[in-house]
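Alright, structures below, take your time with them.
What follows is a pair of complexes built around subunit A, which joins subunit B in one and subunit C in the other.
Here is the complex of A and B:
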């Protein structure tokens, strides 16, 4: 019941938005997203009480091909649904300063996007997963292209075609797996886990899935759409892309690649891992050179998600647990960072590093809040980033110490470029003489303080998330190992 | 007697409407266009509704004519498309003097298609086909004062006559080797001797012309561009849909013994049609020409579905054509409105279309998304089921080629969306009036595009009917 409500709510609110007057659009969207969040919080409590009955929903959809509308949440899904529900009010509230032309359409698209994201994280049927995965593309395309900055049109077109090309490969793989299922075929993901595929087949399917998700995440060298798209998108669009949408790719890696094609993974994991590590180092180095704050965060995001993807590919408990908690953390941190950059751009009219300076003196609260999130982002102990990155590196160490060593560079490089940002923008001389600039106030604080609180709370009590994902992660690895031994026993 | 009448109900109703129009034309010579259009659309709506009641199964005329649940469904789809096109054409027809003639010709072609769908005999099939294609040439020429329209009609009649010739040649050879033209008997007698193979190739080429599969597509773009919008949409949706239905039934009944042979041929046709259609669509500047090539590419997709096993192939082709009716007519509906009120048909004319006509731009966008097959529009489900039908045979190379083509097609469909939403125009189009009839038609198309995908019960229903093959 809860699951289907979470999907229906965005649809209902999208319709309300289209009917209601444009002036109240933001408020309606905000109410909708807060209701979704409360329901998700309820789902979380149900999960903790191990009452799973309300979290699942299953009806037949197209019986001719055995497609079911089958949604539900295990721990991994729950954490990502929670992240979506948590970030949505933040993202919607963050738009209140900017004047948005045609707000009805904008917020309806945001709601549609929420439907897609929730659907992807909850789908238990591969076909359903694909439909929701693609459904997210349309709203984000329009949000970025219509409300974006200069040159947003060609850039978003590239983004759209890039990602759709990737996911069509996934569609072929899903159809292939479907025809491999015994009896009257099914798209059930659990049934895919039981398949015994030859190593050659697994190699092909691995690549079909990996390319689809690598474009979305993005993993080097499929990242070329990302910095441009992040830069030209409106801030809400960037937050959606960085905070939530790329999590779909990592979630896909966990759900599809590990349990379905473990042998394919085994054959290709070194290659994929190298790509991830190149991405981590390369993106960090580029981030170091950026002058545009938004672009800097965009590149740092490639480095962070590269590490998460590498942790998933390592395929052990620490790596997976770290990946899941770090997905959550990355969502919180990156959205908070983008939001603060938006504040800076709004107050000073620029987000170029050499035109800014000494902000901490003028906006003391912002200086502190930025510091907290930044420390979380570079993984200082007692912040959320530390827990995630520690687990990720541990997982990679088990996989291969050298991989961990190179990936560990991200901690150092991350500190370098983030501190460079902080020094140039927040410290130093004031370059702008508008001394009247107001500090973080009112609702901005309402958004930023909870986010900063989450950064610290998860840093100190990571178990509130780790406990949730522990059991499904073990189950997943169990599937994977059974599957591996099953195939090699043939 | 009563039963026989009910069996032929769709044909009889269309005939009655034709007679009503002719009599009316003589009796009340100067009735106003608005009155005529209201009356005709009312009649077509009744015609569409009647398709759902008193349906019978059976054969007539010594096994020449057959009808069953599936054929009734196919006729209903054509009736629906006919109604939608007629509603969209009102703006254009109001300015014309020959409303009755237009509809008489249009309904005659529909009658021909109905006979073609119900044929159980190659002679009957040929009769229906000719009845449906000759009036179309006259219709293509309906913009009497335009040179391009005449050119379109000329090209259409030539290619149509040529393909009919091929079909007839193939049919005669088939008769020569088997001594029968009845579908069921042919299916038993075909054993794959060379003459039969040759006749099959001729038949397939004939079909290829009619559905404009590559390499038989050369007439399509010119005819689509030159004809009036209503006729273009009729050609691309109704006429093509009807022939695809018949093609499926002929392949799966008559040529069932040769399935191995025609599978490879369809494979080749599908690949060529998709690739050529897509590559040419990228470079078009005229919107109708653009949709001509996009419809060629869509046919390539349909051929993939048709290469599957009989039940899935039939079901997925019919399901796709139904969705195609909605998505293509959504796009053509907008073009018809714009063309009737401003006379503009180039892609560049649509720059900044969103600013002056947001609703129409939205309709166009949804239709194009559906044509491109982006979830969750109906077009995606249509293409997905086609792919599933094709993949049932285990040919994943074909499916991969299809997926790559979907990417190419996405590029050019999005190009139109981009032009409408994001490009500036010095001479923007004025705000267009959307009168009641086109409005109903466009709303129906939108409802179809949004809802059909989610109610896949419809697919299950078609699938269950398809067992009758």
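Here is the complex of A and C:
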């Protein structure tokens, strides 16, 4: 019941939003997201008690085509659902400062987006997965295009077409797999896991899925839509894209590539891994050159998710566990960073590095909060980022020591571009002496302090999340290895 | 007391949290009491552990909880209490406490007083974690944590752009080393399945000498040590780190953090003794660093820069000790160095305060009249670092020189040369600051004063230890009771080289004679040149000989890195963000988009407006769907 409730809630609130007066839209959306979060927290507690019955929901949907409305959560899904439910109130609350034209439409689209995200993370049926995957694209497109900045329409249109083209490949792969299922065909993902495919088939399907997800994540060199889109989107849109939507791509890699086409992965993993590693170094170097804070974080995000994807491709426990916890951490950190940049832009009227300086003197609390999230982002031990990077790099080391050594450059480069940012924006003398600015206050602290607390708590007690995904990860790898040996036994 | 040993790092952490959250509302007195008190309390517990360890050697592991677990890899948050970690904890909390007390006086006018104590406490917490960790991963937490504190404290006066640049440089150079460290950790997990000391070391003993895996692990760990302990080629951050307040230089950049690399190698002595190749690398690099830094220190004019290069040089000595398998001599020098170098830095701080912030020794002179206590304690520190018996530095340096003598004559001779240079630059410093005529401004001269008690008492205590600290490791000729050697033998027992008794007596007498015959004349020369003659206030570059300029400009290493690494990388990044990113990648994507547009404009011609065609397409589609449904029902 929990699963279906989490899908229905956004729909119900979207309808309420359309009926209620525009003035109260934000409050209604916030209430909706908080209810979703409470239910997810309940789901987490159920999961810890190993009561899985309430987490699943399965009814026949389009039975002629073997499509079932089959949703549910294992540990991997739960962590991403938790992330979505946790970030939603934050993202909605972060819109308080800006005046949004036509708030009814805006927040309804936000709700639809939540429906799509939750659906993707919970779908156990491949067709359903695809439907939700595409469903997310529509609201986020409108949010970014309509409420975005200059040139937002051509830029988001490019993003829309690019990712749509990518997922078309995924659709073809899914349909192919569907016809491979025995008897009256089915889209059940578990059934896909049982398929025996030839290495050649696996190679093609690997590429179909990989390209679809590589655009979404994005992995180098399929990333060129990302910096522009992140930059022109309204802050809430950027947060949705960076904090949540890209996780669909990594989640897809985990769910579809590892267990379904292990041989395809084996054949192409070196190539894909090299792309990820190039992306890490390449994006970090570009981030180092940026003046626009939002764009800097956009590039740093390409580096970070490149590392996560590489960890998934390493296809071992450390890499996968690292990828899952790092998806959560990246979501928290990137949203907190974007939020703080939004605060800076709002107070100083610019987010250009050379126009800023000395903020730590005027906004002492922001200086400290930014420092904490930054440390998480560069992976200092006892912050959330360290646990993720440590496991990811360890997973890559097991895969190939040189991969870990090159990807490990992110430890150095991450410090280079983030500390440059901190020095130029927060330290030194204030650029404009006349400007008086109020520090983080009220609701801003209400958002940022919990996020910073999460950065530290996950850093000290990562088992809160690691324990949740441990068992499904082991199961997935078991599937993959059985599958691999089964096929090669043919 | 081992049961409450977890309190030792926790107390400074609590101090950090209280002072950190309380800043700036907490008044300075309370902040000082919390800051110093928390370290003193830890020191008290460490002392009781120390007393216990004198009875019976300690070897106690405390498992707090499972920190990270993924599959077969587990990292337990565990602490290790043994004689080696206890002696390091003594240094960290003992010297740390004295420097906390000193900071009360030194920072009392600073508006960031409470924040300063919060950072210092955080540093003590991470440093304790570094020396107490029972595995390489826990050590790594402390390792990176002290790097963070170093960053925060170097850039403590954050409005100054140069200071924050120095802070960034320190953190980034440390991170280069840290990459090596973490790769070594992965390797240990891959080879031994764990990074816990009690799993790795016994398992490593099974490997043959110079096994390539062990060489790789030890070299990678050493890369970490190069960064943290400022050895060639990653040493340039340490002189810049002098931007931080002077107590920070004393605590972090002299007495404790920079010796972490030495501690780490000593802790891994079992690994290193299986890898003689790595030991040779360490010996050579240590020797070169010691000599190189001493050559630079000869001509520097900033009082703190002289001491910073001296620290780099002394760290080189410590690494030679490790490289020649005299792990106890390395730790012994860590200890005596902590005493005399902290003393020298704190003395320098007292001078800088008296001189209203002036750091250029060419503007000082004759300060011994106005600062008698500072001057006297500084002299003791200078004698100790120069290796004059019976001060602390003599015995620890003697142990290292003896070890190097048995290892390689060239190394030995180079270290002897470095020792002479050490005496030269230290006495140059001492005489230029405290003797001769005052060369500063009139305003500075009026303001000259001896520092308050919170500054002079730590100086006196440290001077006492700098004077007698050598007796902890009294060599064989002076009674044959090398206390520190025996105390640390549980940790180093399998590896510490057993020295031939007769040879060692001979070489030790030789070294005593050497310090009298060579170093005393050097002192006299320095006295002639810097105390009796008038020192030039400014140098004109043109008149300087080539070697002098080379030393003054630090052999142009910073410029080399800037033009050799930073600028090319920056250019590459620029190329990426303009040419590759915009033209190639995005250009290709947009090109594909244009092709699609063209094709679709062709395809659009199918939309003829011919109703018949539409009907045909519709029917065809329906038939296809019907066939599909029939296929589902298994009609065929």
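FYI, the second predicted complex is superposed on the first by the 488 of 490 C-alpha atoms of A that agree within 3 Å, B and C clash if a C-alpha of one lies under 4 Å from a C-alpha of the other, contacts with A are read in each partner's own complex, and residues count from 1 in each chain.
Note that contacts are C-beta pairs under 8 Å (C-beta built on N, C-alpha and C of every residue); 3 or more make two chains touch, one makes a residue touch a chain.
Note that this is a predicted model, so its numbers are computed, not measured.
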According to the stated criteria, A:64 is in contact with first (subunit B), second (subunit C), both, or neither; which is it? both
By the touch definition at the top of the document, which applies to A:307: first (subunit B), second (subunit C), both, or neither? neither
Is A:130 contacted by the first partner subunit B, the second partner subunit C, both or neither? first
Is A:143 touching anything from subunit B or subunit C once the two structures are fitted on A? First, second, both or neither. neither
Based on the superposed arrangement, let me know which partner A:113 touches: subunit B (first), subunit C (second), both, or neither? neither
Check whether A:241 is in contact with subunit B, with subunit C, with both or with neither, and answer first, second, both or neither. neither
Who does A:214 touch here: subunit B (first), subunit C (second), both, or neither? neither
Subunit A: partner with more touched residues, subunit B or subunit C: C
Which superposed partner A:360 touches (first subunit B, second subunit C, both, neither): second
So, does A:169 touch the first partner subunit B, the second partner subunit C, both, or neither? first
On subunit A, which stretch or stretches are contacted by subunit B in one complex as well as by subunit C in the other? 64-65, 161
Give every residue of subunit A touching subunit B within the complex, in rising order. 61-65, 67, 127, 130-132, 134-135, 137-138, 142, 145-146, 153, 157, 160-161, 164-165, 168-169, 171-172, 175-176, 178-179
Subunit B residues touching subunit A in their complex are 312, 315, 369, 374-376, 380, 384-385, 387-388, 391-392, 394, 396, 399-400, 403-404, 406-407, 410-411, 414, 418, 421-423, 456-457, 459-460, 463
The subunit A residues in contact with subunit C across the complex are 64-65, 158, 161-162, 184-185, 221, 223-225, 282, 285-286, 288-290, 316-318, 321-322, 358, 360-361, 375, 380-382, 386-387, 390-391, 393-394, 397-398, 401, 404-405, 408-409, 411-412, 415-416, 419-420, 423, 426-429, 460, 462-463, 466-467, 470, 474
Applying the document's contact rule, which stretches of subunit C touch subunit A when the two form their complex? 66-73, 137, 140-141, 144-145, 148, 151, 155, 158-161, 164-165, 167-168, 171-172, 175-176, 178-179, 182-183, 186-187, 189-190, 569-570, 572-574, 576-577, 580-581, 585-586, 589-590, 593, 629, 632, 634
